[in-house]
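We call the chains A, B and C, going by the order they appear; numbering starts again at 1 in every chain.
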Amino acid sequence: MSMVLFDVPGPKARARHKIMAVIGIAAVLAVLVYVIMRFIATDQFSARRLSWINYKQIQLSLVEAIGNTLSAFAVGAVLALAFGAIFAAARLSDHAWVRAPAAVIVEIFRAIPLVIMMFFFYYGLPVAGVKLTAFTAVVVSLMLYNGSVLAEIFRAGINSLPKGQSEAAYALGMRKTQVMVLVLLPQALRAMLPTIISQLVVLLKDTALGFLITYEELLRWGTRIGGDAVNFGRPMISVMILVAAIYIGLCLVLTWLANYLEKRNRRNKKVIHLDHAEPLALNEVKV
Amino acid sequence: MSVLTNNLDLFLRAFGQTLQLFAVSGVLSLLLGTLLAALRVSPVPVFRGIGTMYVTVLRNTPLTLVFVFFLFAYPLLEIVKIEPYTAAVVALSLYTAAFVCEVVRSGVNTVPVGQAEASRALGLTFVQMLGTVVLPQALRSVVPPMTSTMIALLKNTTVASGFAVFQAGTIRDSLSEQGENVLFGLLWVAIGFVVLVMPLTYAQQVFEKRWSVAR
Amino acid sequence: MRVRTLAAVLLTGALALTACGKEGSPTDQGAPAGLFEVAKDVKVDGSPTFEKIKARGSLVVGVKEDQPGLGYKDPTTNKYSGFDIDMARLVSAKLGFDPEKIQFKTIQSAAREQALINGDVDYYVGTYTINAGRKEKVGFAGPYFVAGQDLLVKKDNTDITGPETLKGKKVCSVTGSTPIKKIRDNNYTEPQNILEFQGYSQCVTKLLDGEVDAVTTDDAILKGYAAAEEGKLKVVGKTFSSEPYGIGLPKEDKALRDKVNDILQASLDDGTWQKIYDGTLGKSGASAQKPTIDRY
């Protein structure tokens, strides 16, 4: 807890909290027991419905599906970071003719739903003779959307660096590009690292939208195996529990990385600590 | 242009459904999210644990998976039958509530501790303190990020496209069925979203500028 | 004692990681052997698709993966089977390429034209109805089968006997498919009662859950599901359309289209077509009429 909204509980409050805790646990347990009873009553964990785990081809296809999810994530992340850096720099340009179009592009791509972008690249563009695979459509959409969000994060990070940084760099005789590339961007990058990584968590989750344009990623694998009536009698519940666990695990690893870097940053005196970092992280809500 | 004018009725109905889906899930997620936030700052550790658990699970699960769960896994449990539209509302609300919760909680954290201490000194209970002192003050730092969350929800309604829910994301299907130009159709859908989202983004920036000065 | 338990757990874990994995399928039907003799020295003059295939040395064929008996991919073996799959193998063999080496690619209904236009697949065999609208975008060889739109309902359902009994009932089919357009255009049921999903299996799931009353598409597809769901479902059996299935090809490639038509005609004449039908869809007990090839 970063702050305390309540007094240290006294004996009476402690007793009351204990009762409430019991009620809370009981409520959660009741829900859990009910769900598990439904699982049992509808036979979700029968031998047949769990037997999919045993097949070599299914294990291999699971590994392949995770690989597809991760490769879309990796390529999408690299492209989005590059896109973000370029457009952040463009939005901070001294020339209005660079600044304005960059601002418009970033605003527009943040406003269009990713699903619509993916549809556009996968179903729309071929009408005009441009052919993209599902993978490309997913990755390009991820780049445009998350790149635009990252551009705003970078820009906010650079803006919040003390003015002395760029002034000192100019005083040393650096050009604008040098100031940006050598002085401002690296510092902004380090200071904003936790925010950037939580945006990457969003990107990782968004790869699952590839499901909608038939990209063979983890979720699509899950619906295929989970919907198999012929061999396993539709083991959707058990498969989806596994798929959700994998996604949550992957995201938590990234989140853990963000927290670790934040802690290391805090100890590191070389990093400039931004006062606005917190409200900014707040406003760029990751959904 | 002809794609839009020939199918104006389709576009209007679809975007109407999008807005309806947005409004219903928005209200539900605000309610549930605020409740969760109250759990997360409550003095009872078990409640905090429940809140944290919920937020951790839902925030790290792709929304598409939540949709798949409610459309294709949940019915297997034979509890209560739900229509695809209801399933979409449930999925969107449960998912967005986790983000609403975090926004509210962060907002509560921006209210100085002295405020809570002063209200306790006045003899207010925890619920009274949250309701009459802390939350109203937290509101100003909550509104800008909450607007972002709601913009995200508006855009997220398109995820329902793969799940038999008619809305702006399914305009493509109807156009493709009629042999219309899908490319321009999708461009118009994108423009529609830009038109819907831009005023919200602008409002958010205004709130942010006006209210960030205060502290 | 504790060490031994730990060792046992680790050992089981290691075994699970390395040695697990059943081969084969619980419901393996076995691929028909010796049915497809690979032709030699095939030439298709003036076909860019054929040149592309020759350069690659094997075929990439678009199919469905969720239609038992027609185009089905067994997840336990990753092997495709069904009537459409065998037709694809037949064409491959007669074009001079080993059907065992076909790279099957699953393409959803709504993405078929695009896959052919994009050149992602050389040809497409997957319950692909020939119609004028599609002919503007892609080419069709065949038809190699004539199906008819029908309804799949729960076994105990007696209300639904044909399309005119659908009013007020929830009907499910696949996004962008001919059957759903037919239901909509003829007002068989109200627009809000029409549900569209990405695959038929999702519709069948909804039917079994009781959230929709009927799944509609071609009888051939529905029979496959009725068989797969072990007597829980039935096909109404009153077709209300004629759906000639064609092999989708790139639009401009007339040379390949003529060649595939020749292959289909030969298989109809020499009994191969009948053998393929008997080995797949024929297992449902229903007989089928041979189609007449429509060249254009």
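In this text, contacts are C-beta pairs under 8 Å (C-beta built on N, C-alpha and C of every residue); 3 or more make two chains touch, one makes a residue touch a chain.
Not measured: the values here are computed from a predicted model.
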How would the remaining chains group if chain B were removed from the picture, with no chain shifted? one piece
So which chain ends up in the middle if you average the CA atoms? A
By count of C-beta pairs in contact, the leading pair of chains: A-B
Mean-CA-position distance for chain B and chain A (Å): 16
Cα-centroid distance, chain B relative to chain C, in whole angstrom: 39
How big is the gap, in whole Å, between where the Cα atoms of chain A centre and where those of chain C centre? 36
Residues of chain A touching at least two other chains: 123, 223, 227, 234
Enumerate the residues of chain B that touch no fewer than two other chains. 72, 76, 78, 162, 176
Touching two or more other chains - residue numbers and ranges from chain C: 110, 198, 202, 205
Under the stated contact criterion, what part of chain A meets chain C in this complex? 51-52, 54-59, 61, 122-123, 126, 131-133, 214, 223-225, 227-231, 234
Residue set of chain C touching chain A in the complex reads 20-23, 25-27, 65-66, 68, 72, 74-78, 106-108, 110-111, 114, 117-120, 198-199, 201-202, 204-205, 228-229
Which of the residues in chain C end up touching chain B in this complex? 110, 133, 136, 172, 175-176, 180-181, 195-198, 202, 205-206, 209-211
Which residues of chain B touch chain A in their complex? 41, 43-47, 50, 56-57, 59-65, 68-69, 72-73, 76-79, 96, 99, 102-103, 106-110, 113, 116, 120, 126, 129-130, 134, 141, 144-145, 148-149, 151-153, 155-159, 161-162, 168-169, 172, 176, 181-183, 185-187, 189-190, 193-194, 197-198, 201, 204, 208, 212
Note: in the complex, chain B contacts chain C through residues 71-72, 75-76, 78, 81-84, 162-164, 170, 173, 176-177, 179
